[in-house]
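Each of the two complexes below includes subunit A, the first together with subunit B, the second together with subunit C.
Up next, the complex of A and B:
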């Protein structure tokens, strides 16, 4: 794969818009970062800030119709989006998409969107609030198998003259920039020593993360079955079943379905994001429920994020260290809070 | 794929969390996310908030005006709907006078809508017959705190939860009903703040608390008086504060002199030593905050309950300082605002009395018309007047009293007696089914305006979507109706115009503008020239009435004790999954899945005696009605007490609840009545109230 030097990121954005609809993280008037379609050629500055909502809903829609039954036969309602590029995705979210790709490998609705997407990753060069991606092997640098293109901001550049490394991550990424020129010239190839510089920058970034030894201690306790049912019951009192953690978690993928009668009497089958922290999630029609107890649900959720069993199935833990659950949990049992309690009290 | 992210305020409870609506390129609401930098919610939402998209975009929304012909509804145009209403209202005004028409506005609508509703009532219909659901949640707060402190709102602010040493939660279940604030209390408690919970049920917070006083239903005043006794006897009160800021201490001290903890053991069901400990912890804490809810207000003794909490805070000096206060948790997103706007039969906007001639003159000059000098009817008064044939027309929006008011059969009978009943709603509620004309209302996502949360924070609501079908915002159709009736009183172009007119008449909102609200994440009233950036903390230096009043109050028994025929006490509660009558939350497939449509919480021992198993179908009977539902067996309710959430139209608790009222505010005693419970035969499904009534 090739690496290039890039002085003007807008040139890359413009080039990609010839083939793709561009989406990028912007800030709204309240200062909140979120993904937005960019329909002008006034490209916003690349933000080194994770969006509150991860990119999973680009592929796994929060609510979508999947089938229509017209009384005789079923018809799949597959989405057919135009090709789009997610420009400037942080490593945690890319690792999560990689994880979701495995989970939804045979899901036609997910794949219909996924195959039209080009992922442009962005290396993080400083830690974010609540983030601990290095501990769970999900950042801060973009993993090459998770993005089609990778952008790395070169440090030690004067502010007014930023420079970027552009790294090809996949065949698709290479194709996307194959014909890109700047002032009539092909992209400037970068010497390999820039990759060493990138490694050093990322290493320095890793050093700047605050101590999160509680995560590793707690992971070990969870996997050695050193966390008692009584402990889970106790912390689960704090779970108010809001679904915030599962909604924001980039690797959560549970969904439910329901039938809706349409005005023309056809039946539409809809699927929607579900949450394993709802009591009704595993409840059967007979009212039997293996996770009727809140403690069981909370335990199940965290085992899905940190158990070795999951790691075997998906080649990694279910947690990518983005820390979104810590911010959003009203019950103070987001990842840092709960792992600290497991490490200290369980 | 999001095309736009609109910042607005969650439409559910009174906490007022920041929510962002994600709208796609087709202008459809796809999903929501919390606002990470909102001053209260800080990136969090509860399950209701997270499911907002289901509430707004559901397929049951009304999209055009409907007219009833016999028992069926037929679509009509706005013009026809408003013309019909205008002609009938004018006729009723001519025949029976202004007193024969009532308006019930909505604590879920914006301040602008509510301001318009009371102005419509006062200037077009020429009466003060305006009320809203605060009658059945916090009218005792307004009445009680007004007497004790001079102002009936939360004295302090949500952020002070992190700035106090002790939190006492009295008759409230914040993690269910005000989840984000409940979460803040959990967080503060985990960081070391003491937590005292007073509740007959083992709520989530009770399970985490340092002290849980699991008192008998309706024994709040007995408990507080005994706590006052202890604090005075042990000299744990704040003498300086009492001398400088309060009147009536001597009488109060005499009043509680004999009310020892031991003397109230039987009434409260608590041990004297526990009462003593709670009194000690509360009074000795450096800073202590009281939060309370319906477990205080929804009693015949509601106003006195509120007064007794004010007494407690006042003698300990736990008021007027950071991290203290008497803080009602208000139920609906804008119930504070609806009260502030004067959607009450006795006050204009800003709690200015309608019977004060100076104030009448002020409003009469501003609105350039004569005003009714007498107080109007409360919502219960309207129900009664309708039954008596004295009220002929009622316009109601964004409320479902058939499901949420006490004594369903009584409410239905009175609504059926009206000559004209108009309901503006998002979807077909049980109440709307009784209307002559239904108007399609715009949802919160479809309008601009403001909501005032329970900490008096006025926040901007921003339009994200076009109204569904021909749905309209409430002030817009009220204005159109006024014009049809030949009045130019309501004459605004934008929500901001309405707001600006209101601020010119409401001293607490005087210095607010939309621009300032946008810039500051909302502003807390009073916001006037003296406090241009609002007021976080009330009563810091003085009370609006000068010195606060310590008012001696007595315990009163609940109206309907248990007996052989009705051996169990019934109380009501809420579930965090649902909101009010469920007309919004029950559209979420996730929230709807959480419980059967109607449940009754019952202690294992009572269930055992009655031979009831978990989730069995049961019948519940009171002197007023009978419903069928399913049993949830749990130690969270004590022996002898059963509890029922009121969200479910299939099994409405108000078939059972008592209408006995607080003499001051007419608040019904929704929190206590006597019932009997029987198991239904195995395999039988509970019948909905609709099936049961049809079967009669």
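Up next, the complex of A and C:
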């Protein structure tokens, strides 16, 4: 795969808009960052911070119709989006998409969207609030198998020199920039020493992360079954079942279905994000509920993120260390809070 | 291969009541556009019934699809999907996806001594298996313990009367009324299947080589533990679990059990498998 130097990121953004709808992280008036479709005449600055929400809903929609029934037959209603590029995705979210790609490998709705997407990753060169991607092998540098193109900001580079390293991560990424020119010239190939520079920058970034040893201690305790049902029940008192964590978690994928009558009298079936932390998530028609106790539901959620069984199936834990659950949980049982309690008290 | 979440159309061709709020439904597949394995259905597998405008729920086959594309299911009126189904008439069209999950173990055809314990609706996933065992094998000793709350809650009595020619059947009822019929060929006892288990086990010349369980989880757990205590190996005890399901293909997450999904790895599990999953639950 080739490596190039770029002096101006806007030239890459513009080039990609010839083939794709561009989406990028922007900040709103309240200072919250979120993904937004960008118009071609106004490219915002690339933000070095993760968005409040992950990119999972670009592929696994919060709500979508999956079929229509006309009174006689059921027909599939697959989405057909225009090609789009997610520009500047952090490594944690890319690793999560890679995880979801495996989980939804045979799901036609997920794949119908996913195949139209080009992922442009962005290396993180400083830790983010609550993030612990190095601890769970999900960052800060973009893993080459998770993005089509990777952008790396060159630090301490004189202003007259190129400011970015552009790395091809896939054949699709290579194709997307194959005909890109700057002032009529092909892209400038980067010398290999820029990759060494990248490694050093990422290594320095890793060292700036705070001590996350509580995460590893707690993972071991969870998998050795050293966390009691009493402990889970105790912490579960703080779970109000708001689904904030499951909505923001980039690897959560539970969904429910419901049937809806359309204005033309056809019936559609919709699937929508669900949460394993809702009390009724496993409740059966007979009222039998295997996870009626909140402790069981909270335990399930964290096992789904850190169980060795999941790691065996997906080649990694279900948690990518983005820290969004810590940020959002009103009950203060996000990842750091709960893993510290497991490490210290369980 | 991509999953297909779309039901095939089925017609309600007949139904008849059996016990309290329970009906035998006979369906006919009108299309096999979306699912091509209907005729490979194994005993203990299930399908997702789609009642348009209401929703989907899993049900077991009491008779798998035949050459005329007809199949049967025993359905109890419980909540929205089944209530809506009970309001539909013969000839109306609903949907079905399937077959899904792992059925009862194939090796059972080789077993000589089989104990089956079912509670309430839990007999439904065993009907096709018992019919197959009776029809295809000889010189087997099969004992069925069937527990229900009361006489009105008993199901599949006509079917069981036919089985009486070949297998021994114990009935237990939580509540026995004065006019309960003790003389229709069944061994009727007041209590639960656990109360009659020692008697059923001692009716075998040696221990049963398979114990199959389906019903309330509390009942299955107590029967399994008692059977293990009597020397039956954990690998010889099989259970069929009931769970809420939306997708039936291991995606929606609702039927999780530890790191497993009951719709894919189950609904039939050996007791040994189940213990390993429960340790991660």
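FYI, the second predicted complex is superposed on the first by the 340 of 346 C-alpha atoms of A that agree within 3 Å, B and C clash if a C-alpha of one lies under 4 Å from a C-alpha of the other, contacts with A are read in each partner's own complex, and residues count from 1 in each chain.
Note that a residue touches a chain if its C-beta (ideal position, glycine included) is under 8 Å from a C-beta of that chain, and two chains touch if they have at least 3 such contacts.
Only a predicted model underlies this, so the values are computations on that prediction, with no experimental measurement involved.
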Quick one: subunit B and subunit C on subunit A, clash or fit?
fit
Is A:328 touching the first partner subunit B, the second partner subunit C, both, or neither of them?
first
Touching A:258, do we find subunit B (first), subunit C (second), both, or neither?
both
First (subunit B), second (subunit C), both or neither touched by A:310:
second
Output check: A:230 vs subunit B and subunit C. Expected answer is one of first, second, both, neither. What do you get?
neither
Using the touch definition from the top, say if A:243 reaches subunit B (first), subunit C (second), both or neither.
first
Contact-wise, after the overlay, does A:274 reach subunit B, subunit C, both or neither (first, second, both, neither)?
both
Touched partner set for A:285, first subunit B, second subunit C, both or neither
second
Using the superposed model, determine the angle subunit B, subunit A, subunit C defined by their C-alpha centres, to the nearest 10 degrees.
80
Taking the superposition on A as described, I'd like to know which of subunit B and subunit C A:53 touches: first, second, both or neither.
first
Nearest Cα pair across subunit B and subunit C, whole Å:
8
Shared subunit A contacts, counted only where both subunit B and subunit C touch the same residue:
256, 258, 260, 274, 283
Interface residues, subunit B side, partner subunit A - complex:
1-5, 7, 18, 20, 22, 25, 30-31, 33-38, 42-47, 49-51, 53, 59, 175-176, 179-180, 182-184, 186-187, 190, 204, 207-208, 576-577, 589-590, 593-595, 614-615
Subunit A residues touching subunit B in their complex are 23, 28-32, 34-37, 52-53, 57-58, 61-63, 81, 84, 237-238, 240-244, 247-248, 256, 258, 260, 272, 274-275, 278-280, 283, 287, 327-332
Across the complex, what residues on subunit A touch subunit C?
66-67, 69, 71-76, 103-104, 106-109, 111, 225, 253-261, 267, 269, 271, 274, 276, 281-286, 288, 290, 296, 299-300, 303, 307, 309-310, 313
Give every residue of subunit C touching subunit A within the complex, in rising order.
1-9, 30-31, 33-34, 50-57, 78-79, 81-82, 93, 95, 216-217, 242-244, 246-247, 251-259, 279-281
